[in-house]
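One structure follows; several queries about it will come next.
Labels run A, B and C following the written order; every chain starts at residue 1.
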Amino acid sequence: MMGKKTIALLTLTALLGAGCTGRNQPIEKDVIVIGNGAEPKDLDPHLVTGIPEHHINQNLFEALVSVHPETLEPIPGVALSWKISKDGKEYVFNLRKDAKWSNGEPVTASDFVYAWTRLLKPETAAEYAYQGYYIVNGKEFNTGKLKDPSQLGVKAIDPHTLKVNLVNSTPFFLGLLYHHSLYPVHQKTIEKWGAAWTRPEHIVTNGPFILSKWETNKIISIVPNPHYWEKEKIALKEARFLPIENLDTEEKMFRSGKIHITNEIPLEKIPSWQKDSTGVYQTHPYLGSYFYWINVRKKPLEDKRIRKALNLAVDRERIVKFVTRGGQLPGNVYTPPGTGGYEPPAILPTGATRLEEAKKLLAEAGYPGGKGLPPIEILYNTHEGHKKIAEALQQMWKQNLGVQVTLFNQEWKVYLDSMQQGQFHLGRQGWIGDYNDPNTFLDLFISDNGNNRSGWKNPAYDSLMEKAGRELDLKKRLAIFTEAETLLMDELPLIPLYIYTRNYLKSKAVRGWTNNVQDQHPLKYVSLDHETAK
Amino acid sequence: MGLGYLVKRLAVMVPVFLLVVTLVFFMIRFAPGGPFSGERNVSPEILRNLNAKYHLDKPLMEQYFSYLSDLSRGDLGPSFKYANRTVNQLIAESFPVSLELGAIALMWALAIGLFAGGIASMKPNSFWDYVPMSFSILGICLPTFVIGPLLVLVFAVWLEWLPVAGWNSWEDRILPSLTLGFAYAAFISRLTRGGLLEIRNQDFIRTARAKGLSETRILVVHSLRGGLLPVVSYMGPALAGIVSGALVTETIFNIPGLGRFFIQSAVNRDYTVVMGTALLYFALIFVCNFFVDVAYALLDPRVKYE
Amino acid sequence: MSRASAIQTIGIPLQPEPAPKGHSLWGDAFLRLRKNKLAVTGLLFLLVECAVFAFTPWVAPYGFETQDLSNTLAAPSALHWFGTDTLGRDLFTRVLYGGRISLLVGVLASLVSVLIGVLYGATAGFIGGKLDSLMMRVVDVLYALPFIFLVIILMVYFGRNIVLLFIALGFTQWLTMARIVRGQVISLRQKEYVDAARTMGVTQFRIVLRHLIPNSLGPVIVYLTLTVPTVVLEEAFLSFLGLGVQAPMASLGTLISGGVEVMEIAPWLLLFPAAALSLTLFSLNFLGDGLRDALDPKGAKD
């Protein structure tokens, strides 16, 4: 009996003792730990499409032109300087001589020629291949119409001079260069290892960091690249990216000091973090727009008046204040304000009279008080946040217009399929800009854009967008965009709802991590101040 | 039963396995959406390139036979979603983790479940019955997605005794295995109590009691063997489930196990991973049920397998 | 749950009217069941619950979808007994509506699964041999089919149909049931009384129906009571796939999973739906145990 009791007692002390020693150990010095959302698909810059991958890749690779983390202006990367021809169609880059791969080899102009050819090669099957369509013959080569890669508009004049010819003058081309699809990649490594070239034991990169560890669903770790041309500037010893899909887990790990930076904050916890006074709560505008597609091919939505009535009956202030609650901007406009210096025209009425106008429009269309209106359904993919917004809209339309709308959720891929087939009335979309220019948003509503799910086709809009693509003068260009968006907001094949913000938590020890609309955080500039952490 | 039985059973497995491969292979292709659909559409030209790269442009029967031929060589193919990893790699990385988590959870489940069920069955409808059984009901009503966050909140965030999440040190094993084991413990305790109550009224137990044996002795020596049959039946699927079905626990505690691939691969339409996990699960079920049938024969000498 | 049922659980003994003095198996069972106070309490609770759910649209103080965006996550009060949710909807109302759906789904789907599972398992176990082997391998195969695809495909071909919900839910549950019953039957079929019946020339079908199934009822009832909550919670998963209840309607499963997300901010959103499910389950279990005891003639007086 004694024996049993002793064992029981020992077990108990062991358990309690475990409690005391097993506490959340402090993270090592100069090691930053970052919550990074989903497990990366890959780290091959030509194949990845997601944001978690970009968070890591922007530190492993260096583009021709980098981006300033505060101003988002193009700054020299592998290219020291560049010359742009008068017609805006030819770029000549002068590469720095001390740029090196992580195996010590120099980074040359032909590395870029190889990389961009690989991006466009049909066999690579890069989803972002269209980022190379701006280059002469890019599209032709990618779609198999042209077999000879030497006809692509990218040439190595000498090891340190790269010449690029574009189809059109592309005013945002320098900003585009920072996109991961245009990073250089190491030819010999890829040819030797195939799909496995991005495994930590094989990978060769040219950025400030190199990949040192990758365990699926557990950790990706990067350390400074000893061959990087500016290696003395790097303060971190290591950065660990943890794939944490459960936001609640991530937030709790932050609270127990296990991670420095979270990827997000659980929706319901944002309000209580907003009240937090320690300064760890971070929020900033983000280059993204959340809206509903209106399928103009479906009755009664082919009627512009109905579309406008639905738009006017939405109280966007209330949506952002009580439903999304992350400090989002009410979506009275579609393009995020400030995108590439652009201010979208505010033409959706926001005042008290808008409800009267909505009712009037509905009656004019033949459905006074919503009577006789064919059924309308909101389609959304299963997600708590999407559901809440749909539920709130349903109530608003019911109360403000007397319109009955039903909700239907579908599993993600089924939902995508329905949207693609046009089997919906109203369907949600979050559109994140690829580059800091209004084109990335307004382009979506061009008639032949494969992502335009509304079925709305407007030749006047198309020609405006084409005109903007040719305009070199920034001011005139923005004026054309304003004209296009005004047309869009009059026709309303969409219901804009809010402009994104990013909400996350950041330890006070982190220095040099600046908030910007594109969420670019090169770790090259980041350091940890351990004194303030305590 | 003996070696002959084992050989027979394995012989049966081959056609059944083929059946599973075929059913699953065609079934998943009938679901809408493919591996490359996303928030943004891929243009038709690029989609064509992608399909060609993964041989999805070939006729379905051709794909089926090439899958079978790869499978016969033990090659489960590349993952669509995790482009630089093969299904074999993914399983090799995550299966040991799931196995470890499942084994610890099972230990908890059996220890707690058998103990609570045993106690409860000794004095039915008394305090000693109600307390463990009430806990068991709670255990069933509070699913893992409630228990997990609750345990984390109390032991990791408030008391700071244990880590919030992760899979590195042995302390990381405690909360997830408890979370996962809890639901199974609840089931096992109910089934144990039921089975033991069933058997305690049977003649040979009455005889033992009449001989003046103590209740504890009766429980351990006589009733457990027969009374555990329902538990043993339950253990087959439970074993397979505990190893593969830890999706919720794995996400809550951020554990790099196999469980999350079961749902994620389906959501991603990552066909090769769906196939790989389904086949692995089938193998697990097969092995577990085999052991269960063997255990049956051992527990109940009347059961014979020809 | 409701006010009425709350009083009931405190235990005002409501004597059911005296049963006729029958001597059939079920008559005896009913007499024994009546003496079991817990089982009676469980039964009464369930009856009251069913009554409340039947009249939910008239009992509920608010509409289940009526929002008050300026009063979200309010704590329980006289106006909102269970507080309000993230969109300012009355939780009490939503638990009533949700409980109604969940109880219906839980009980029906469990019964379906038990019916299939018992017949299938008993047949396999009793006949044995090659047929048993074949039937059990079929079960193995069905276990291995990825459930999520099954549901998606069913939905694509049959649309959103409530019958599909029961098929999908029953489908996963009957497999284990069948294995349990088969195990019981295999050990029972060797018993003396089965041999006796066989020598007396009783048909196989009658042996299964009259001897083997009733004698395996104990574990079946236990497993049935375990299945109900599993099914209720699984319905939440089917909602994820688009089958199951559609927003803004709720079920206990979706309420509980939604409650977990606000556990630290508004614990009542988890507490009340979980309590509703637990109380129902307690009642079901007590009733189930009572039934099991009552149906077992040998356990009459111990």
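The rule is simple: a contact is a pair of C-beta atoms (placed from the backbone, for glycine too) under 8 Å apart; a residue touches a chain by one contact, two chains touch by 3 or more.
Treat the numbers as computed from the prediction; the structure is a model and nothing was measured.
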Innermost chain, taking as reference the mean of every protein Cα atom displayed: B
Pair exhibiting more inter-chain C-beta contacts, A-B or A-C: A-B
Whole-Å separation of chain centres (CA-atom averages), subunit B against subunit C: 22
Chain centre separation in whole Å, for subunit B relative to subunit A (CA means): 37
Distance from the mean Cα position of subunit C to that of subunit A, given in whole angstrom: 45
Overlap residues in subunit C, where contacts from two or more other chains coincide: 148, 152, 156, 264
Subunit A, residues touching no fewer than two other chains: 248, 411, 414
Interface hub residues of subunit B, defined as touching at least two other chains: 31-32, 149, 153, 267
Contacting residues of subunit B [partner subunit C, same complex]: 12, 16, 19-20, 23-24, 27-28, 30-32, 124-125, 133-134, 137-138, 140-143, 145-146, 149-150, 153, 187, 190-191, 193-195, 197-198, 201-202, 226, 229-230, 232-234, 236-237, 240, 262-263, 266-267, 274, 277-279, 281-282, 285-286, 289, 296, 300, 302-303, 306
Interface residues, subunit C side, partner subunit B - complex: 36, 38, 129, 133, 136-137, 140-141, 143-146, 148-150, 152-153, 156, 175-176, 179-180, 182-184, 186-187, 190, 218-219, 221-223, 225-226, 229-230, 233, 256-257, 260, 263-264, 270, 274, 277-278, 281-282, 285, 292-293, 296, 298-299, 302
Subunit A residues touching subunit B - in the complex, by the definition given at the top: 16, 18-24, 39, 41-44, 47, 49, 122-127, 129-130, 142-144, 195-199, 215-218, 242-246, 248-249, 252-253, 255-256, 258, 411-414, 416-418, 420, 429-430, 450-451
Subunit A-touching residues of subunit C, taken from the complex the two chains share: 65-67, 69-70, 72, 86-88, 148, 152, 155-156, 160, 239-242, 246-248, 258, 261-262, 264-265
Parts of subunit A lying in touch with subunit C, wherever the complex brings them together: 248, 266-269, 272, 318, 322-323, 382, 384, 387-388, 390-392, 394-395, 406-411, 414
